[in-house]
Each structure stands twice: as structure tokens, then as C-alpha cells.
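Same chain, two partners: subunit A is paired with subunit B first, then with subunit C.
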Partner chain A sequence: MLALQLLCNGIVTGCALGIVAVSFSFIYATTKIFHVAHAGVYTMGGYIAWSLLGHGFPAPIALLIAMAACTALGSLIQAVLYARLEQRSATHLVILIASLGTLAVIQNILAAVYTANILRFDLPWSSHVVTIVGNVRLTLTQLTTVAVSVGAYAGVMWFAHRTILGKQIRAVASNPFLAEITRLRPRRVHVYVVAFASALVCLPGVLVPLDFGLQPYGGVTPLLTATIAMIAGGVVSITGAFVLAIVITELQNLSLLFIPGEWSIGVTFFIFVIFMLFRPKGLFAAAR
Partner chain B sequence: MDFWFSYITLASIYVLLGLSTNLLVGIAGIFSVSQAAVFGVGAYIVAYFLMNDVLSFLPALMIAAIGCIGLNILVTLPALRVSGDYFVVTSFGIQLLATAVFTNWTGGTGGANGLPGIPPPDLFGKALESSSDLALLCAGGMLIGCLLFWLVMRAPFGRLLRAIREDEVAVAAAGKSVLRAKVSAAALAGAFAGTAGGLYATFLSFIDPSSFDLDSSILLLTMVVVGGARTLAGSIIGPFLLLALPQILTLVDIPTTIAATARQLIYGLLLIAFMLFRPQGLAGEKL
Partner chain C sequence: MLHLLRRAIGALAFMLVVTIAHADTIRFGAILPLTGPGAMIGTQQMRGIRFAVDKANAAGGVHGEKIEILFEDNQAKPDQSILSFNKLADLQKVPMIFTAYSGPSLAMAPLATRKKILLINAGAQADKLATASPYLVNTLPTIGDEVKVISKYLIGDGKTQGAILFENDAAGIAGRDDFVKYFPEAGGTILSQEPTQFGQTDFRPALLKLADAKPQVMLVSITAGLLQMAQQYKQLGLNSTVAGTTFFADPDTVADPSSEGFVHTQVRIDAPPALAAEFKEKFGVEMEFFVRQYYNATQMILTVTDKLLAEGKALTGENMHDELFAIGKFQGLIPLEFKSNTATVPLDINVMRGGKDVTIKRMSSD
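Entry: the complex of A and B
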């Protein structure tokens, strides 16, 4: 029974991290920037929603405002920092260090404003328990997380394959040089990509803390799991990233049967090492 | 006077760490946020041997250095086989994993409470207890480290490393093993970090996981970035400047509760500003 409960919890967290992985893969596949500061955007979304809920805003409005703020922050980072560095043909390492610096700045501003302690959301409906089968129970928050995440995944698939902007993004991702010639203006598309991905990452950024609470430095571990899922899924595949995030979180949750919870980071990392050794190009790479 | 001694001791230790980070990030071009983890492993190894009275200081330091060489090779080898970006994941992973081990392995590391009462270092049977002796010891260690770094960078091996930074493909085409050179650089970086860890443990006589977390890794990276990548001068200037920062901050009126946060915030801003306006740092070469 415990295994079944852990399985269900794994699906919930996995779906949320799947969206983090999808959003990160969107950025990485297009801009080729390993956007470490994405963890900061993720964390900021949760804090803004928390503040707005504290001021009595209704939940959907708080979520929308938080998403708008994340979008603004993401596009600011891309337009002001990354684009400028790329214009000066900075090396990969330089951009990476700048991104890490941005993460440190965001995290510590949050820590200075909200203190480094764990903050809990105060929503009466969120802890309402629903029985699924037998003894397996999920809170309303967890069900919302699954619903929103799967919906977001479907939305991203639709956006990437059916809309003109989505097609442009995929064009820039697959061949930036050709895109430049055909007047797609990769620079501008890059800003759109980061803006879109930042809005997307705000969803798990708000939903996951509803369950686990908020911490200013809490974004790094989810992002690490998400990037491992992205790499294991083959980097460019949206479905790959989403599915692998669920698989990895599942494995992590089931490992709780044998290994205490504080070592779960070790389990995640072990999965990554296995992938590096046996399938460094990822599972879904061959499909493309 | 004691303040100056402890400043010099700490700065010497961080110069060793700066050299280590510089070898990895500046010279081998491997992004790393896990040097603090290696530093911590060195510190815990020396603490273990000295507290249980198994070995004296120098052999313990040697074992810590060798252990960290092994650790650094182990973590760089698989990631170097694939792509540079994957090393970011490895590096974050190692750092978070190390923090988990330091915090949760209560039997070996004392957990979150840390290990108090590490005995002072001894040299040839004589215990070094006064702060001036410690400062001399650490400054000596720093000088040896700097000399080693300078010699290595002058040697054919150093030129090979420079060549790899210029053009990896050309080096490979000339029949040199890029992978082996990078792993050797990482090994040397491990030796520096392990030694620094041992000195740190005996200097403070108390270690806990918070000295070896992600924030400390970011501090090490900031030191190299501010001082300047790929040069000896850069690895010395960075630590000396950044360790003075907490003292400067005490002059500004910041509530003590957010002092650590303010420091980290400044490190982040420094990283961004230097990358934007002066990627070579104060006294370095092009990163």
C-alpha cells in the first residue's frame, strides 16, 4: 500500500518537475545557454504568489501575476545579460558564470526580503484529502498539480507544433544560421523563448511549494532533477523531458522504500551517472 | 595582531583553493561549482585522522590530498567524455550530494553539528598552537602551492593546457590527448583543494557542512573571476580581496541577520559585473 502511495506521489511531483524540464529544454535547445538562473525564476514565482495570496488576491489571479513577473524577469535576463554577452562573442563558460551569478542574486534578494526560513501557503482548500483507491490519498493540491501539468504539457505541444511562433522557435533551434538568412531574427526569438519558458516554469514554481513550502535556495534541486530528465530524454525532445522527469521522480520515490529520504539526491545523481555511462545521448534522441 | 594572523592564514588557504579552482575553471575550462565539496572532503579526512590520533598532521594531509585527487578524477572523467554542458549537472550534483553526505552521515562527519575539537597541526613532533605559527604554516603551504602552479604552467604540460584553451581540435590533431591533459589538471586541482581542506580543519579546529556548501563554491568561483582566470597573480589577488569584504561590510550598517545574505548577493553581482565588463578579471587572461 505504501508503495502505491509513493507511486502516486511520484506521479504528482514528476508531472510538476516535467514542466520544469520542458521549460528548461525549450531554452537550452534554442539558445544553447545552460540557463542556471532558471532555478531563480522558478523560486521567485512561488514567492510572488505567496505574497499576493497573503494580500487576499484570489488564487488564479495570483498565479497569473506571478507568471507575468516570471516572464518579465526571464526576458530581462535574456535581453540584458545573455544577448549582450553573446554579442561580444563571450565563451560558453562566461555565460554560464554570469547565469550562476544571476541565480545567486535572485536567491539572495528573496532571502533578504522573505528570510531564509521555510514559508507555508495558507490555503484551506489545498489540504483537502481525496481518497483515490483503498488507502491511497492525495490532496486537492496534488490533483491540481497533475491536472495543470498535463494541461501545460499539452499546451506546449500545441504551441510548438501548431502556432507560427512555435514553428519559428523550432526553426531557430534546429538551424540558427538558416533562420537568420530567412529573416527570423534569432535574437528576438530567443527573448520570446525565454519569456515563454519563464511563464511556464512559474506553474510548478507555485504548485510544488503548495505541498512542500517555499525556500529561497529551494530551486536548485528541482532544476537539477529537471536537467537530468532533459538530458536523459535527449535534450531536444519535449515529450522525452516530460516522461523522463516522471520516471526519475518515480524511481526516487520508490527508492524511499529502501533508502531514507535525505539521500534522494544521491539516487537522482546515480540515475544521471548511469545515463552518462550507457546512454549519453538520451533515450529519445534517436527518434529525431 | 591576531586579526592579521588569522586573515593571512585564511587568505593563504583560500589562495590554494583559488589555484585549484583556477586550474579547473580557468585553465582546463571546466565549469565547476563543486570545489567546496572537494575542499570539505579534504577537511573531514584530516579531521578524522587527527581526532582519532591515527596519524600525525603531514601524513594525514598527504592522504587528504591523494583522496581528493582520486575524487576529482572520478568526477571529471565521465563528464569529460560527453559534452561540456553536462559537467554543469555533474558539478551541481556532486556539490549537493556532498552536502547531503556531510549533513546526514552523522557517524563520520558529526552531521549538521559538525566536528568540534580538531587538534592543532604538528610539524615534526612539535604542535603549532599560536596563531603566528599557524599563519606561517599556511603561508608556507601557499608559497609551495604557488611555486608548484608556476612551475607546472611553465612546463610543457602547462603549454599543452594553454594550447587546449586556444584550440582543442588543433591539439587533438597534433596527437596530444586532450582528455588526459584535462584530467591531469583536475587531479592537480584536487590535490590543492585537499591540502587546503586539511589546513582549514586544523586552523579552525571546528568544521561543519555550512563551510563546504554551494555558497562556498560560488565564493571560490567569484574569487577566481575577480582576481583573474589562468594566472598566478589572479589566484592570489582574488582571495585576499574577497576575504576583506566581510570586514568592509561591518563598516556599513547591515543587520547581522542578513549579513550572510548580503555577502552572497555581492558575490552574485560581482560575477555578473565581471562577466559583462571585465571577463579577464583584475589580473587575468581572457576567460
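Entry: the complex of A and C
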């Protein structure tokens, strides 16, 4: 029963982290930028939705507006900050530092506006509990998270393989130089990618705090885990990022059956390091 | 070159004027988490200090001198606290600093001893704080004092098998160690223990593992995310009693139905209605526990300062320390008596019932 409950909880958390990993993977694979400020976009999405719900907006509308806000912020960061730094031949390290600075600014603005208190969403249905297989108990929020995350993953796969823009993005990601000379306009594609990924990351940015509460500094840990999932899954693999996010979360959860919780993150990273020694390109590196 | 020299002289003159203008201002320091996961509590603490100081200044200050508090943000991190302490001690020459959180307070304690600066802690409760420095004074009991009381109560109530959920930092580990020591001493058994990280709000894995040991009582030692823990506890359908210490003093958790039946010790500190209303008018929020604690501690410091100035003594950390213990007993929002570096205060056993925190037993921390 304990194992089954931990397994189910791991699937829920893993699915949410999977979307974070997919969105981050999209950005990194295409722009080669370690967009740490993505954690700030993720966090901001939750706060925007919280504010709108507090003003009486219906939940779906609040979510859509939050996604639009995240899209705008992500696009702004890419177009105004990263693109200019690249034009000035800034190194990846400089861009990383700029991204860290942007993250700090976003977090501090959110903390100043909303305070550092852990805020909770006022949606009575969100904590309603459903008993599924055996005695496994999940809240409606958790079930919604799984459904939305799987749907988002399917949507991203369709977008990447069936739409013109998706194919352009993959083309730029696989060969930026060729993309430039074939007039695919990589710089414009970069903005589209970050915009799309920012909208995508807003989904877990709202659903995870719906379950655990909103904190201005709460985006960094999910992003770190998502980064590991992205690398372990194969940097350009959407499926790899999503699947490995679930695997990593399950490892952390199920390891509790054998070891104290304080070691679970260490064990996960240890397994990651060992895995990378044998498969440095990631599990799904050949798959797209 | 000449115009640069003129500008430098002008700047120096300005600084001199400002310094002279502030010569009759007494400066104390406060190193609190104003950002980061601890900021919710740190903001309460800051407001408590500000409220007391503003009232004192409005009444003419202390012996005609205004009080100014220099706030430093440490994000509840020990390393950041050291930097802030050195800045306040060496650059600002403050004789006294308010502190909070066990980790930062313990990190600063050796510096307080060496530099003879009085450290006043009105929020942290790790047991090591009691003996960390002769210059570290605690205005509330240590976790050990509270755990002894709650352990005896739980055993008396028939709850003899416990599991511990604790935060993996100085305060949480101190609480865990105290439960491991005092719960069995009172006649109980510890079946299991699980850590969480400070600021973490996903408690489900830890709660599930603890519940698997089938305890009668879940002993909780966390300082952040208590409401989320309570909600997840209820969502998982767990039914053992949840018990804790003054760390449970969170109005949102008390008001939430998922905390029904939670039992905890509580340092008794109430504010008169008029004072609470005045605070609410000024800050727009209720005068919560840590606001009252730091208001009370500031009142104590102002009493010490007043006495020192009346006696014509210099306002140094050493003199403030000696005067505090010479006075020994302070009557603010609650009586504080210093038989050691840690005050003896009234302690209650409370249970969360119907959205309220109800006192079911009154005790003392000594």
C-alpha cells in the first residue's frame, strides 16, 4: 500500500516536472542557452493565476491569461536580453549569469509584491480526495495535473512533428548554421521557442502550487530536477525529458522505502552520475 | 583636480552634518530573514521591533534619544548572518543585535562572545542556544523545555507510540533530538523518523513513510509549510494525533479544518486588545505570535537602555548584558524572568478545535 501510494504520487509529481523538463529542453536544444530564468517564468505563472482567481476570474480564463503573461515575459527575456548579448558575442557563461540575475529579479519582485508567505489557492474542489486503486488517495488537483501534463506532452509532440513552426524549430536545433543560410531566421525562431516554452511551463507553474502552495523562491528546485531529466533523457528528446522526469521522481519517492528521506536526493544524483558515465548522450539521444 | 577636491570636501562636510544630526540616535541591529522561505516569520519579527521602537520614539525616545534599528536580511542563512553581524558590529558599532532562527543565531554566538555584543533571540528555540554564548539571551524557552511538557501530556493521554517528522535544519533537528530523548523518558516509544527540507511543501512521501509504522502520535518539528503538511495529512486519510510545539502557532493552520485535533505547547503571550488594534491599524495585519515576541523583547531592551542611561553608563554590549541580568525580571506583554540566559515563561497546552487554538492546560517552562 505504501509503495503503491508512493508510486502514484511519484507519477503525479513526475508528470508536472516532465512538462518543465520538456519546456526547458525545447529552449536549450534550440538556443543552447541555459535559461535559468525559466524558473522565474514558472513561478510567475502561478502568481498571476492566483491573483486572477482572487479577483473572481474563472479558473480556465485565469490559466489562459497566466499563460499569455508567461509567454510575454519569456519572449521579452529572449528578445531583449539574450538576443542582444548574443549579438555582442557574449559567451554562454555571461548569458548564464544574466539569466541568473533575471531569475533573482523576478523572484524578488514577486516576493515584494506578494510577500514571502506561502500562499494557497482558494479553490475548494482542488483538495477533494478520490480513492483509486486499492486505498490509494489522490486529490482532484493531482489527477488534473496528470491529465493536463500528459495532454500537454501529446500536444508538444504533435506541435514538434506536425506543424511547420515545430519542424522549423527542430531544424534550427539540429543545425543552426544551415538554418541561417536557408533563411529560417534562427533569431526569430528562438523567440518563438522561448515564447512557446514559457506558455508550456505555466501549466505546472499553476498546477504544482495549487497542490503545494505558492512561494516566490519555489521554482529553482523543479528546474534543477527538470534539467537532470533533460540531460539524462537526451537533450533534444522531448519524450526522453518527459519520461526521465517521471523516472527520477519515482526513484526519489520509492527510495524512501529503503533509505531515510534526507538521502533520496543524493541517491538520485548518484544514479544520474553513474548513468551519465555509461550513456553520456542520454537515454533517448537517438530518438526525436 | 581642484573641482574634485571641492566635491570631496563638500561630501565630507555633508557626512559630518548627517553624523552630527544623528549623534543623539541610539542604534541597534536586527539580523532577520526578510526574504527567502523564512521571510514570513522574519517580517513579523521586524514589525514587532518597529512597532515598539516607533511607539518609544513617538513618546520622546529613551532619555531624549531616538532609537534606530538597522535591519539586515540574512535569508535565515548562517553564512549571510556572519557577514551582517560583522557589518553591524564593525561598521555601525551597535551594542545589541536582535536575531532569529537557530542556525544563524548559533553561527553568530561566538562572534557575540568575542566582540561583547548582546544578541537577543526572541524566535529560535534550539537547545544549543541556551549555552551558545553568555551574550546570547533567549526570551522564549528552548524546544527541549516544550518537548518535555508535550511528551508528558501525550503519554498521560495514552499516546505512547510516536513517529517524528522534522525539518533538516538546526531547529528541526533540535526538536527531533528532544523528542527522541524526552518522549521515551516519559514512557513512550519512537517508531520512525523522517526529515524534510526547510521551505519544502511536499510532505506526502515523508508522511506516508511515517504512517506506515502505525504510530499513535505524529510528533512534528517544522517551522515552515505547516498548513500544507496539515492539508496533505488529511488528504492522505491519516488519523494519528499530530503534536508539536510553539512552531505550530500559525493562524492559517489553526483556521483550516485539516488541523482539527492538532495539539501543541504554546508560549503564552497575549497582546491587550487596544495594542493589537493599534498594530493592525498601522500595519494592516493581525499582531501575530512573532510580532508579540519581538515587541516584548524590544520593550525589554528599551528598559535596559533606559536604566543604563539613567545611571550614566556607556551603552556597550557588555553593560547592556550586565544590566539585563541585574534587572532580572521584566513585565511586558508577558513576564520574563532570567535565571539563566533563557527566560522562564508561561507555557500552555493547546488543541486546534473548530478553527480556534484552545488552551486545555496551563504550565510553566521551568
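The working rule: the second predicted complex is superposed on the first by the 271 of 288 C-alpha atoms of A that agree within 3 Å, B and C clash if a C-alpha of one lies under 4 Å from a C-alpha of the other, contacts with A are read in each partner's own complex, and residues count from 1 in each chain.
As a convention for this text, a residue touches a chain if its C-beta (ideal position, glycine included) is under 8 Å from a C-beta of that chain, and two chains touch if they have at least 3 such contacts.
Source: prediction; values computed, not measured.
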Clash-or-fit label for the pair subunit B, subunit C on subunit A: clash
Subunit B versus subunit C as contact partner of A:V150, first or second or both or neither: neither
Partner chain(s) touched by A:A171 [first = subunit B, second = subunit C, both, neither]: neither
Partner chain in contact with A:A116 - subunit B first, subunit C second, else both or neither: both
First, second, both or neither for A:E262, with subunit B first and subunit C second: both
Subunit B versus subunit C as contact partner of A:A59, first or second or both or neither: neither
Touched partner set for A:L93, first subunit B, second subunit C, both or neither: first
Touching partner for A:P280 - first (subunit B), second (subunit C), both, neither: first
Touched partner set for A:L6, first subunit B, second subunit C, both or neither: second
Comparison of subunit B and subunit C by subunit A residues contacted: B
First, second, both or neither for A:A68, with subunit B first and subunit C second: neither
Stretch of subunit C, among 8-16, 98-106 or 206-214, that runs into subunit B once the two complexes are superposed: 98-106
Interface residues of subunit A shared between complexes with subunit B and subunit C: 108, 111, 115-116, 217, 260, 262
Contact set on subunit B toward subunit A in their complex: 25, 29, 31, 33, 78-79, 81-82, 84-86, 88-90, 92-94, 96-97, 100, 103-104, 214, 218, 221, 225, 257-258, 261-262, 264-265, 267-272, 275-276, 279, 287
Residues of subunit A defined as touching subunit C within the complex: 2, 5-6, 9, 13, 108, 111, 115-118, 120, 127, 129, 135, 137, 139, 211-213, 215, 217-218, 252-253, 256-257, 260-262, 264
List of subunit C residues in touch with subunit A within their complex: 35-40, 42-43, 168, 193-196, 199, 201-202, 204-206, 208-209, 212, 224-225, 227-228, 231, 235-237, 252
List of subunit A residues in touch with subunit B within their complex: 28, 34, 36, 81, 84-85, 90-98, 100-105, 107-109, 111-112, 115-116, 217, 220-221, 224, 227-228, 231, 260, 262-263, 265-266, 268-269, 272-273, 276-277, 280
